[in-house]
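Reading through the structure tokens given below for one structure.
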């Protein structure tokens, strides 16, 4: 069955602080260590598409408001 | 019998604040309202020679250290 | 015509208000006036004074060092200002408080027992300064008594207006003394 | 002889220490030197740079706007400083990080994959700047490698001296790249 | 947006798209974000006036789409007082760091609190001077190393870290004081609630409201954002406990 | 001296014969007298350095036969810090009024206390600006009339009177805090004891010592010295209770 | 025109500020200025301005910043040491282009000094006591009437040029009473679209800052300020001349000294010495050109600057005269007011020495 | 003479202070000065000076007052806004005749401004940013070596004349590294019988005050200060000339600008334009006489003052030149450092206009 939710992370806004990754209850986020944005920073992305439960933890902790969260409509 | 003590008050140092008069337990001090020192101030003096008990209250409360206290040697 | 005056005494003897009343009265008579008080912490306890200038032309300098009129109510002031009087100046001193008379002979000296008179004839020492003022205007007529009374009623707060008659008495008593 | 140089990149890429080492080495060789860093809060996160002047005579102005030598380790720096190079100037750019090459044809351009080399051949990206430095002295021989090594040992705190061999390797690797 | 999904969170409108100059993981960013979420949710953009200090947040006005004044170092409380007294029906906040509020600005801070100036303090306590490169602050912890306490803060010559929330709570006319943090989503949610309360009390004219944020400074502390969270939890919060120190009696 | 009597009190030697410019009945005089009694009794004339503020006591150095510095308004604590840090084995005191110590100088006062600077504060709290002619002070009582609170101090715009002794007691490195008065012989004797303790603790290097004197200002309060004592008893002491707020654990 | 009153300079200034539409006053007591704050405390209930006795002059100047930025008409007053404490804030106000009125009732310095009148803060006022390149419009009243007139003018100029305007007066003028005619309530109230009053949908957000981290930006602000200052120099120079038409000796003096000078001049004229007064009223912008013209006149032999300081304005006089004629100086310090007699003696002395330095 | 080191201006200054026998340092962080306080924090354990990071610049300057009054060798350092906050304290220090060293690592103002280098605090430094008549000895280093040499000199002069001595430097000189030779420990230590160290039986009590409530007393103190300043003017003027012997155009510049000027001059000389530099080293006392002499030389056609401000020192240049030759000005602001090229262009322009204003 499809994920409860998903997130979109702005590559250029993200500063790669990793706080979202740390606080995702379902470990579906990660830093992209192989690529950097124009500021030379690794950015976070959704690694595991189906695990997101739209709990908003990442968007709450994200200092730079780089994350959009979407929730499955019941 | 002679007084337990007596005081000498410097007329020019005294500012006539009256605090010594107020705090003498034996009421032997008073302000001289009929005369003023060179600063135009009434000054305190020992009115009742034989009442002084050399308790030091007046010299303690006197802001301007205008009072000398003498005690009868036992 | 420019009159340069000094009023000096202990704080509380009302020297500042004397000067104020005189300046106000003169202003009412259309004169140019300036009133300059001594000020600052050193006033505390010590002596107060004010310089009053009255003139027909605008007054250039409010601060002067030599006077046409001097009014002194305590000894320190007498000592300080006698020497600064202009020749022929009017020098009034309060002779109840002050025991040492002025010594200069080239000025017009007036001894005034204002304190005693205030105490005994008006039994209110506070109006002592009005007695002096009365004497002063009698001596050199700088301003009219009426102007001083107007000044009183316009500068005194309403709640003290009942004192005006007493002050008037004092003024007149002062006039009668010289 | 006066050489005016700029070293620029992200904070943390070691551009400031590159400049310092070079200046120190030159001083050791008896030259006059000046080192001027960019500073202030805007550095935070952003890019850092330092201007290094080396000369035989006393250096009059430590701040210069056009350069004989430019070393850039990120794109913003390349964009900012390419245009400020003097004709015929030496312009070294790090081509692992930077994807857009310089465009001027009137300067001597050297592309250096220092990051990649540091990662793969010395597996320590930190010494990337030493590779660049090695290349630079090979190109224009401003200072001797030996002087740089002296500079290293004299400026590096004791506890980091074990890193000197690695840095030496990096210098030589750099030399070999041009 | 994908089929069958709805957007439940995005960057708040009043937070401008300009990239915030704060370092990665810095709570300054978090608080800025929260502030603008509140401006949006409470619909107070036309009523709020902010004062930013000298400190890393000196740049706040570049990111927040509200009217702002930039104050001299330490004087944000005085500036906020000036604004609020002239515009009593506006919502005014004074956003300050620890150097700004507790060192050079201590007198202005405490006198504003004592007068009960009716604005909101947002106090970012990161225990260091971030902007100037990591010097000791009045809130630097005992033994903490900074560029001006290179061997660790020594209370015997520099005193103990100042507990501002506790200190300002004593003033009668201070209405609401809470210390919060942004080290976890839960704490961050609380921070938002606290700021909301503060603004609401200010609107009611209850007096001074003071929110202290136990904050971080990865750059100044010379650590990763992740490590900075541990420092906050293990070192800061024990000395700077979170919680409500004072709140208005509900009427 | 009369036959058969001995002198048991006279003006202390270090109190110069110069007439003190303080108004009749002012506690400034009393404290000056006490200080010099202690200098004599403790035999510390060669060790003590005083700092006087801007306030009525700006003239202290005219009356006290000890080395003194006159500080800028509010900065006596900073000046004392400078002296004491350079001369750690001297006894330093900072003599300040309420405007000086609690208004303009609040930051310097509290930071010195927090650092535990090892000198003695002598805080003359008369609830008014005496020197400048009777304006409101941070310690002016609620409803008290002054030339700048002509209708009585209104806490809703000016806050409540600051309780400095209580405030400074919170700092770890403040060793000794007592509030005293000179309204009765008994209280005056206590004041002397408190100052003596303070100097002794300072000599032991125990940290900041702070003596607040609930004081009077007949001139500023526009009353007689006698009436000023009543005001102290009836109005001040209930709000500014006397007593020891902090003292070193005896070792 | 109201009828004449007898008022103290400080109280007249305070009343004038109220009539000029004062909305916020932030002040701290200090002799010889305290009557201003006391007067405003007394009058507050009758009016709608905000009055705060602040904890310090540093707080005062920064409250002025906030309140002015909020669009209000605000003032602070103090005396020398307090004005020194305001220097950082003043630099911010000037850079931030915030209109406000600042009053320094000068006493004798330096240090704690004396509370008696002085003019030793001239340099601080006109050359910028704070950091960076900025200027204040500085007005130098010499009478109680001018305390009133210049206060009203100051508020006008502040709003017109978006700049702090300063009154540099002294303890004597602040303390003395003279006849004064008070103005009726001032109507002039330009709107202030730049004020931080809350961002409404119809406009961009308003930001008041003095931080320009990029040198290019900072220089832009500097150039903008300098442009404004040039504009002020071109339009707001004020000065007074007295008996200068045929004067051979020009006394330059401002404030209280200009009155001493007038008396001296009358004395001199009576004795047949042709004295005249050139009195700068705007101490900044200083009337350089007008004074230079004066220096170019043949009948003028030399200048003497009369000041209550060690010689400050005399530098501006020299800059204006630029070597065309000798420029002398006579001053007293420490709160001492020079007497017309001593000034007169000094002038005769210079004259006998052929007026040459 | 020790061997050469490569050091930052700020750190070199700090090290020099230690070697000059620093006993007390009171400072507050501010860019671009913070390296001084950080250096002294690091070095503290190795030496016996007292180091306090204070709560504010106001506290700093007043701790300096107390510590200097206690007879210690003390220093504080800051940058523009912080220096403005110190103005009251500085006026007290000068009036109280307390020897100390004050450093302003200037940034671009006014207001918060920029942290980049500036010279906009010249007026504040030399005309007295604080209240009242006083002066500081003001030294303007233009290299890291001079940061060291002038720091040592400053402590000497402070003790010699019992006056605060100031270093007016800037962010560039503070931040840059150059070759520098450090001095050995300074021995000069005059005793200070006036210091408040506790009244011993063998002397009268020592009082340090700046309050002189009686105008006569205050004027005495003022005259005493002025006498000292005259003495300093007679003995401590310092300046530098570069290629002036036959120069037709004299650039006047201090600090960093004097280096830009030298480069410009060499460019000009290569192109056959006879440029020269007159560099005041003591900004107060300013080398008026020396500059006047320069103006009197026939080969000198005009002056141009090069500054990183809106035109401040140029006023002192004009006062010195006194109309003898035209005086031009070229400056940049906001932390922008003028380039030799633009200066050179500007000069050619004036030259082509016949060097006339």
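Labels for the chains are A, B, C, D, E, F, G and H, by order of writing; each one numbers its residues from 1.
Everything that follows uses one rule, which is that contacts are C-beta pairs under 8 Å (C-beta built on N, C-alpha and C of every residue); 3 or more make two chains touch, one makes a residue touch a chain.
The model shown is predicted, which means the values in this text are computed figures rather than measured ones.
Listing every chain that touches subunit B and subunit D alike gives an empty result.
Here the chain-to-chain distance from subunit E to subunit H, counted in touching steps, is 1. Here the two chains linked by the largest count of contacting C-beta pairs are G-H. Rounded to a whole number, the gap between the C-alpha centres of subunit C and subunit H is 55 angstrom.
Chain centres here are Cα averages; for subunit E and subunit G they lie 40 Å apart. If each chain is reduced to the centroid of its CA atoms, subunit A and subunit E end up 26 Å from each other.
Counting only residues that touch two or more partner chains, subunit D has 40-42, 45.
Annotation for subunit E: residues touching 2 or more other chains are 23-24, 54, 58, 70, 72, 103-104, 106-107, 111, 138, 157-158.
The multi-chain contact residues of subunit G, meaning those touching 2 or more other chains, are 31, 52, 55-56, 58, 81, 88, 92, 112, 114-116, 209-211, 213-214. The touching residues of subunit D, when paired with subunit A in their complex, are 10, 45, 74-75, 97. Contact residues of subunit H toward subunit D in the complex are 4, 6, 31-32, 114-116, 171-172, 175-179, 259-260, 262-263, 266, 337, 339-340.
Interface of subunit E with subunit H (complex): residues 54, 58, 70, 72-74, 99, 103-104, 106, 129, 132-133, 135-136, 138, 147-151, 157-158. Taken in their complex, subunit C has these residues touching subunit G: 20, 23-24, 27, 32-37, 39-41, 59-65.
On the subunit F side of its complex with subunit H, the touching residues are 45-49, 51, 54, 58-59, 61, 64-72, 75, 78-83, 85-87, 90, 107-108, 111, 115.
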